[in-house]
Amino acid sequence: MGQQIVNGVFLGSIYALFALGYTLVFGVLDILNLAHQAVFMLCAYFALLIVLHLHLPMFFAFPAAVLAGGLLGLGVERVAFRPLRGRADSNVSGLISSIALATVLEALALQIFGPDVERFPFGIVPDRTLHLGDAVVSELQVVIIAIALAMLLALTWVVRWTALGRRIRAVAESPAAARVLGVDVDRVIAASFFVSSALGGAAGVLFGLAFNNVSPDMGRTVELKGLAVIILGGMGSMPGAAIAGFALGLVEVFTVAKLGSSYRDAVAFGILFLVLVLRPRGLLGSRALREA
Amino acid sequence: MRLSFRVAAAVAATALAGCTRSSPPPQAAATVKVGAVFSLTGNAAAYGAQQKAAVQLAVDEVNKGGTLKNLALELVLEDDGTNPQQGIAVFDRLINTNKVSVILGPTLSTLAEAADPRAQAQKTPVIAVSNTKPNAITTIGDYIWRVSLTEAQVIPSALSTAREKLGFKTAALLYGDDDAFTKAGFDVMKSALEKAGVKILGIQTFSTKDRDFDAQLTALKGLKPDVLLVSALVEQAGSIAVQARQLGYAGPIMGGNGFNSTKFIQLAGPAAEGVLVGTAWNRASNDPVNQSFIAAMKARGTDPDQFAAQAYSGILVVAEAIRQAGFKGGRDDIRDGFSKVKDLPTPLGRFSFLPNRDGDHPAAVQIVKGGRFEILQ
Amino acid sequence: MSGVGGLGDFWLTYQSTVAFVGLNGLLALSVYTTLSCGQLSLAQAGFMALGAYTSALLTLHTSAPFPAVLLAGTLAPALVAVPLGLPVLRLHGVFLAIATIGFGEVVRIFFVNLEATNGALGLVAIPQRAGLAGIYGALAAALFVLWRIRGSRAGYALEAIREDEPAARTMGIDASAYKLSMLVLGAAFAGLAGALDAHFSFMVAPASYSFGRVVDMLVYAVVGGSAAFYGPVVGAAFLTLLPEVLREIGGRLGLEPGPLRLFVNGLVLLLVVLFLPNGLVSLPRRVRRYVAGRRAEAHAP
């Protein structure tokens, strides 16, 4: 039982980290960036390359990959979203163009890295285990949970208490008004994408480390689970995404333990559906649903 | 109307592309075209890579050895992408454009069930070299033959050998429920355990897209089984072994055919030690055919696994069928030739076909020791 | 390679591709129906699965004639679309898209776990009762239906809803009824395509009805262009045939066919969304306008 809680918290921390990026962009732009999972995947590969070819330890590879994620995010915004800014149906067309970009990136990864699953070399992270009661936790798992929480807190701090955060919130409220107040809206949007994708990249590296698995399609299932998380947490709410991420991790793990693994994914989508039908703004979402 | 013009133009363009496909260089001797469809991309790519290397070696050796007199084998290799629709399309192309006399493959049983019927309908023999789903594949029709032993042929004997050595009374099962091969492996494991009187404490499933098995493994570990049986494809097999060990499960792990790849050892690292795998290929056999196969593969840069051994043997069987048919390489010749193959020396041992067109040769159990597969003696 | 024999072989090789062009066209139309009134519904893979399984089960277990089987495959998802649509169509834009994605996944998982249909392994050995005639007949029928809708009052209503839903409502258009009808129609198309596919490809398996599948359908519809009712079919034809044509080129360049196909799909979609938002069908008009503009410049004083 204790072990399953550990499993759930661990899985949840990765979901939360991934969903944070999703929800940040949605909060600011009312847009779902479905290229997020491609950045997730590419950063995992990036870290892998640094470790394998430059022989640098994770201590360097991780921040490098996170930075790369942020830069990729800037690229995604520039290519897939900015050109569509003026259009009336920009939410839907943005969705579609981000899907397109994600497909292109996945194809590139497939061509360059091949379809096989790769793993980080053994020993790249310490693999000691700790015992909490009857549960086994690896050092790696503890570090991952800690990093996820740290990033969540850092993001909350940035949004609540920094100038950039204030500007982000202003643009999220109303881009037009923000512009009138002298905010460089383009820059703020770019910055949001940078942060969001950096988080996504971090989640990717941690996922790859956690489950010894880096492959071009690793983003696909996480992407769909991520959707369930942000809907449950409330679109645009960062604490919501975090709480919902952990909640989903725990619910999934206990579903497997009690009902068997067949229903694991059904739970995520079932929750998604119920929330959308009964309480579309999710747990902590406070924004009124905008028109499409 | 704009619509039909566009479609017609596109079809015409494709027709031109098809007509300008390069034809093979003219040969002095007659050639028999041998098609091979393997998963070179997608989930089963690890197996496909081995199969590709093996058939290329085998075809070269048959041609150099001159055992087919003035006939030469010409290999036409295609990728099924581990995708049934692509597999069907590729089969159609090999049968109708390249006009092959026989097709080896596809890699996975799931694809075989989709694509083999088309070969049967178009009277082209197929020789399965890695499909292990029992009571299937060869049941599609009389043009479908099989070299690879089914899970039903390998697992029960592997299990009883393992039981002799380790003496387990209870077991837990973990399997992938969305692949024909892993599901079939599970069915065989379950019935073999029941027949042997081993108590099954728990069963968990996962999907081929899963990466995280902690929840399932924790649940099974909690039941304290004597042995954990896993039916999975190689990419997940590695993660399962690692995660099981990480969670503190120290008991023996036994895998199905999916574990039969050096990629498993590569992915699982230290966690692979002690894992048991039933195998259709006894790599430790001192039979000269086997040893020279291993040496030749290594000389080409590939450490062969069971998939390679089976694919290589598949070509040997095709060559023998041609010989038995009177050195004729037509589709029906090869099909009839298959039925005459008896005790053919292959890396797998002496090979014959069973009356139901499945393969027949002895099986073995392996254990991972020091990062390599060794036969459990 | 020449002559009748060559063309005959070519046909046998590519007949499955031609069949898939037809099927993909029908699937693209199923996404288009909801796009035409401004809704992005991504549930079609789930509807396709329902049609495929219903028809396959009927064929395997009863001796129902093929047309009846097809009809069942068309109606089953259409019926499901009603209780789905009522709550879900209250949502807008991205939320509707996500809810419908969720529905599609739930259907897929349902079939993965259904023992009665062999779970994830699906049903095999379905006799091939669908051929090119059936597939293109169905496609023609779907196009006909959409053509009639286009020209009728319903067509104008849909256009109005797509342009500005609140305004349409104030003008007395029952937007909810129209949106639901389009969802049901799209479900019917998808179910029909699913049933045909099941009887052409010998098998049904849940893996064919994933999120990736509905993304493909969306790509066909968007690339073809949702301004014209036949646009999605054009997109489907283009994107189904393009990889076959590129296979040759890709092979010579040493590119793997799998990644190449994905790359081309993604790139074409991206370019279309960014630069040709009304899809390929708007290309001739654009070219004409461009040419006319150039000519005007040349003749300018």
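A, B and C are the chain letters, set down in written order, and residue numbers restart from 1 in every chain.
Definition applied: a residue touches a chain if its C-beta (ideal position, glycine included) is under 8 Å from a C-beta of that chain, and two chains touch if they have at least 3 such contacts.
Nothing here was measured: the structure is a model prediction, and the numbers come from that model.
K.L.:
Count of steps on the shortest touching-chain route from subunit A to subunit C?
P.N.:
The distance in steps between these two chains is 1.
K.L.:
With respect to inter-chain C-beta contacts, which pair, A-B or B-C, contains the greater number?
P.N.:
Between the chain pairs A-B and B-C, B-C carries more contacts.
K.L.:
Where centres are the averaged C-alpha coordinates, which chain has the largest centre distance to subunit C?
P.N.:
B
K.L.:
Just give me the whole-number Å value for how far the CA centre of subunit A lies from that of subunit C.
P.N.:
30
K.L.:
List the centre-to-centre spacing of subunit B and subunit C in whole Å, with centres computed as mean CA coordinates.
P.N.:
35
K.L.:
Any chance you could list the residues of subunit B touching two or more other chains?
P.N.:
Residues 41-42, 177, 207 of subunit B touch two or more partner chains.
K.L.:
Can you tell me which residues of subunit C touch two or more of the remaining chains?
P.N.:
112, 256, 258-259
K.L.:
Could you list which residues of subunit A touch at least two other chains?
P.N.:
In subunit A, the residues touching two or more other chains are 110, 115, 220, 262, 265.
K.L.:
Which positions of subunit C touch subunit A when the two form their complex?
P.N.:
Those in contact with subunit A are residues 38, 40, 87-88, 91-99, 101-103, 105-106, 109-110, 112-113, 165-166, 211-212, 215, 218-219, 222, 255-256, 258-263, 265-267, 269-270, 273-274, 277.
K.L.:
Quick one: which bits of subunit B touch subunit A in the complex? Just the residue numbers, please.
P.N.:
Residue positions touching the partner: 41-43, 45-46, 177, 203-207, 209-212, 214-216, 218-219, 222, 235, 238-239, 242-243, 246-248, 263, 267, 269-270.
K.L.:
In the complex of these two chains, what residues of subunit A are touching subunit C?
P.N.:
Subunit A reaches subunit C through residues 26, 30-32, 79-80, 83-84, 87, 89, 91-93, 95-97, 99-108, 110-111, 115, 220, 224, 227-228, 231, 235, 262-263, 265-266, 269-270, 272-273, 276-277, 280, 289-292.
K.L.:
Which of the residues in subunit C come into contact with subunit B in the complex?
P.N.:
Residues 1-2, 6-7, 9-10, 12-18, 20-21, 112, 119-121, 124-125, 201-203, 205-208, 230, 233-234, 237-238, 241, 244-245, 248, 256-259, 281, 284 of subunit C touch subunit B in their complex.
K.L.:
Can you tell me which positions in subunit A touch subunit B when the two form their complex?
P.N.:
The contact residues of subunit A facing subunit B are 3-4, 7-8, 10-11, 110, 114-117, 119, 122, 127, 129, 136, 138, 207, 210-213, 215, 217-218, 220-221, 252-254, 256-257, 260-262, 264-265.
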